[in-house]
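Below is one structure. I have some questions about it.
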Amino acid sequence: MSDFTPNEMMTIAAARALKNDDVCFVGIGAPSAACNVARLTHAPGITLIYESGTIGTAPDVLPLSIGDGELCETALSTVSVPEMFRYWLMGGRISIGFLGAAQLDRFGNINTTVIGDYAHPKVRLPGGGGAPEIATSCGEIFITLKQAPRSMVKKIDFFTSFGHGEGGDHRQRLGIRTKGPTLLITDLAVWRPDPETREFTVTSLHPGVTREMVQETCGWPVRYAASLDETPPPTGLELGTLRDLQARTAAAHQRKT
Amino acid sequence: MAAFLSLHDAVAENLRPGDTVAFEGFTHLIPHAAAHEAIRQGIGDLTLIRMTPDIVYDQMIGMGLAKKVVFSYAGNPGVGLLRRMRDAIENGYPRAIETVEHSHSAMAQAYEAGASGLPLAVFRGYKGADLAKVNPDIRSVTCPFTGEQLAAVPAHRPDVTFIHAQKASAAGDVLIEGIIGVQKEAALAAKRAVVTVEEVVPDFKGLHPNLCILPHWTIRAIAVVPGGAHPSYTHGYYPRDNAAYLEWDKVSADRDLFAAWMQDNVLAVGPEIFASRVEALK
Amino acid sequence: MAAFLSLHDAVAENLRPGDTVAFEGFTHLIPHAAAHEAIRQGIGDLTLIRMTPDIVYDQMIGMGLAKKVVFSYAGNPGVGLLRRMRDAIENGYPRAIETVEHSHSAMAQAYEAGASGLPLAVFRGYKGADLAKVNPDIRSVTCPFTGEQLAAVPAHRPDVTFIHAQKASAAGDVLIEGIIGVQKEAALAAKRAVVTVEEVVPDFKGLHPNLCILPHWTIRAIAVVPGGAHPSYTHGYYPRDNAAYLEWDKVSADRDLFAAWMQDNVLAVGPEIFASRVEALK
Amino acid sequence: MSDFTPNEMMTIAAARALKNDDVCFVGIGAPSAACNVARLTHAPGITLIYESGTIGTAPDVLPLSIGDGELCETALSTVSVPEMFRYWLMGGRISIGFLGAAQLDRFGNINTTVIGDYAHPKVRLPGGGGAPEIATSCGEIFITLKQAPRSMVKKIDFFTSFGHGEGGDHRQRLGIRTKGPTLLITDLAVWRPDPETREFTVTSLHPGVTREMVQETCGWPVRYAASLDETPPPTGLELGTLRDLQARTAAAHQRKT
């Protein structure tokens, strides 16, 4: 398949990173699409958890919010929100946490709180929601993000959720026992943290993407892994699954007349 | 002991200016009708608690009724930002508001602690997060067994909690099902709990023993408001009006458009309008 | 990921000498069959955790398999004392055991803390109670908001938890209903959870969304043992055999009678006998 | 009615103390009988809660244990045991806690743990169960006990649950905000704490009971209220209700043949 958008490539690359036995805490937007594409293709056994308390959901359309009714109707079980955060997230039962970001730095630290000063913000963003504890309680963290210089920045304005901090063993020094961000999937590339510094390095470029395109849309000097791959393009099955899902979703969220 | 009241009286008798109040609902069962009644009655100077402030607090803030908001995610779910709340924080319009910001985990556990009569919630959280630097209510305790530093936040103890539920029984017991969120905890943490329901049924006989039920002696007042969660939804009754959430993004983007919308859709109408709003969704 | 095994293999693969183990059930759903299998396999030096040790721990203690018991109520419910456990504590027969004693509230919250991955539970308790003087695991933390001293106990983190449940699905998910006790917490607090069930059904489709379900990825092994809770009961399957609890008072009063009873009713039989024991109760 | 036993009088006197709008945490034995007689006579609206998590139960027979199946089948709702202790007991939702005792002192302190030394007990009793927190979290505490010198003692061997401690304002000094024991009902008398000292004083003798009978079965010097009443004897309805309940209970707990 050559006829696909960068966003589709991003979603499908993210979907591929998920395994059949993963237990995945899903955020809204690209993470939700990626998780459900994984479920509908190579990972039918994946457990998707939304922070609304729905465990093991299998929605036919993507939810607009993390608490749409279909998440509950198709779930194995729906628990209270305090239980979700206590037994399931803090309890260490989630293998993958999927996060988005308004600002991201090269160590996987995320800001979704404010642009500018916290007390007098230029833009007040929604805030962290579940992210501060998702980032430290899940086994590992996958991040999806559309590249842009204002999103991938040298220094984020606010640490909504902690990635690798200043890099290296910063997580361990704070007593955090989980792996943190292990994967960043953008519309242009796949990034993984350097084993030593924990800085995100590009390990795979999506088809047709150049190093220049990656650097132009990234606010820090991009580093590349020694062996750089090209991301395999979406298969017909992957792309068809994603597009069908998005078509069903768009139809479902229109106002009925 | 739960009294069956009109929504007007349920709000008037239980919500006072200056109160700390939670209108809770996690996407599902958001008590829009109760919030609109509070807006119509112009009850102000409120401290609003909610995990996901959402449209309903955007409206209350936009109408100038909030002095403080305690929250963990201030967005229009799946759509974007809360534009009236932004206007208040960024520009002090129509008044400045104080914000106390937490994570979802902290908020959920603060309700849980409130329901448990405890002064605080203790949990593993906020590690490396800047919220702990800007919210003095985020502190720590040291585990006397392991020496680990754990996060501590004060329990939520609202003066009043409003929730919406599927059913009340004739005795005034309340049933909540589907995505149950933090409603049980929010109701039990409050000094006074007020519930709007879709309908009243004789009793809950024959239902599963482990369902989420609030006994009548935990509730002050019940008002029957069919459709009272719209544009949120009531599992088993009507779906979420996702188009209304998308529309809100436009309404709330403009101060005058917002004011006109509130006049037409909240101030000039009564709770009975909610039934008609969900009719087309069923 | 839950494996469907014989009870023999489920116990043999998951319970090791010296383990800390909880066989939980609050009157309802007590995993008697699993405990009898552990007794038959002679797995000893165990630290037994349970709120209400009950007949099943009286038997394990009487057989000399326990070195330590962590508990909050050591009685034969509604009948009287646990005579084998008394004999161990008062006379060191058949061996001395260490006891770590809590209140129900502390035990329940220690499981809850274990399920939540926390090192401790913090609560308001033990005020004026002597248990705090004899159990060094009862400590305190000071609330950084109010200055109140609250009780603290370490979380329960058993190596293995055994529970009995109504149903497993073909995928290995487990459904518990009725008096659900602390089973969910005890299972989630453990490194390994093993479940005996009355039956396997294809799936849980059509059941209420808020029921108590343990997903298959929280469970190590499932063994199908109809009647496996007897003389406790399984809601929806068979009632409690109250007469057996009354009879135990006599059996356990005498060391020789106890030994003979265990030989005839536990050592010389297998898990399939439980189905016949509940046949007459249905 | 004159044909009744002291135990029946005790149970019925305890039942009378319960009000229609009470929310009552019920122990097994005499408390359970009293609460259910109240429910079946003058207090049909009473909420009975057993620590097994059953809220608003209405059993047709008395349970042998606090977790018999009928408690759940007739309950408004059945919650987990952690929730029972957190939201309902600690949450301050219970107006009356009903406790029994192996040993009781004149200040309502209760021992159900050991006779003798804790480390080397003469008799190892079952222990506290829910009692340590019931005693401090419920609005007030009712105690029922069959009088005997070995039960009503000058000094209990172990403080399983705290009553009024050394008397006076001892509860307040420990930071306990609830009333503690406000009523003791024995097979011979009704006792209430002195408003100042908090020592239990006899306020009513059951029909046919003398001061000597009370003193002979009590290990401390008995004090009497200034105005001493006689407990009204059981009515026909009360006695019939109790006996029917006990007959149904006895039949139900026999082994089926």
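For clarity, chains are labelled A, B, C and D in written order, and residue numbers in each chain start from 1.
The criterion applied here is as follows: a residue touches a chain if its C-beta (ideal position, glycine included) is under 8 Å from a C-beta of that chain, and two chains touch if they have at least 3 such contacts.
This one's a predicted model, so the numbers in the text were calculated from it and none came from an experiment.
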Partner chains shared by subunit A and subunit B (touch criterion as defined above): C
Of C-D and B-D, pair with higher C-beta contact tally: C-D
Chain whose mean Cα position lies farthest from subunit D: A
Centre-of-Cα separation between subunit C and subunit A, whole angstrom: 40
Distance between chain centroids, defined by C-alpha means - subunit C, subunit D (Å): 28
Residues of subunit B engaged with two or more neighbouring chains: 112, 116-118, 123-124, 148, 178, 180, 184-185, 209-212, 235
Numbers and ranges of subunit D residues touching at least 2 other chains: 72, 78-79, 86, 90, 137
Touching chain combinations (by label order): A-B, A-C, B-C, B-D, C-D
Residue ranges of subunit D in contact with subunit B within the complex: 21, 23, 47, 55-56, 72-73, 75-79, 86-87, 90-93, 137
For the subunit C and subunit A complex, residues of the former touching the latter: 1, 112, 115-118, 173, 184-185, 188, 204, 209-213, 215, 217-218
Contact footprint of subunit B on subunit A as seen in their complex: 28-29, 51-54, 63-69, 71-72, 78-82, 84-86, 89-90, 113, 118-119, 121-133, 135-137, 158-162, 165, 170-171, 174-176, 252-256
Interface residues, subunit C side, partner subunit B - complex: 116-120, 122-124, 137, 139-146, 148, 150, 152, 154, 177-178, 180, 208-212, 235
Residue numbers on subunit C that touch subunit D, as the complex places them: 26-28, 51-52, 71-75, 77-79, 81-82, 85-86, 89-90, 101, 103-105, 108-109, 111-112, 123-131, 134, 148-149, 178-182, 184-185, 212, 233, 235, 239-246, 280-281
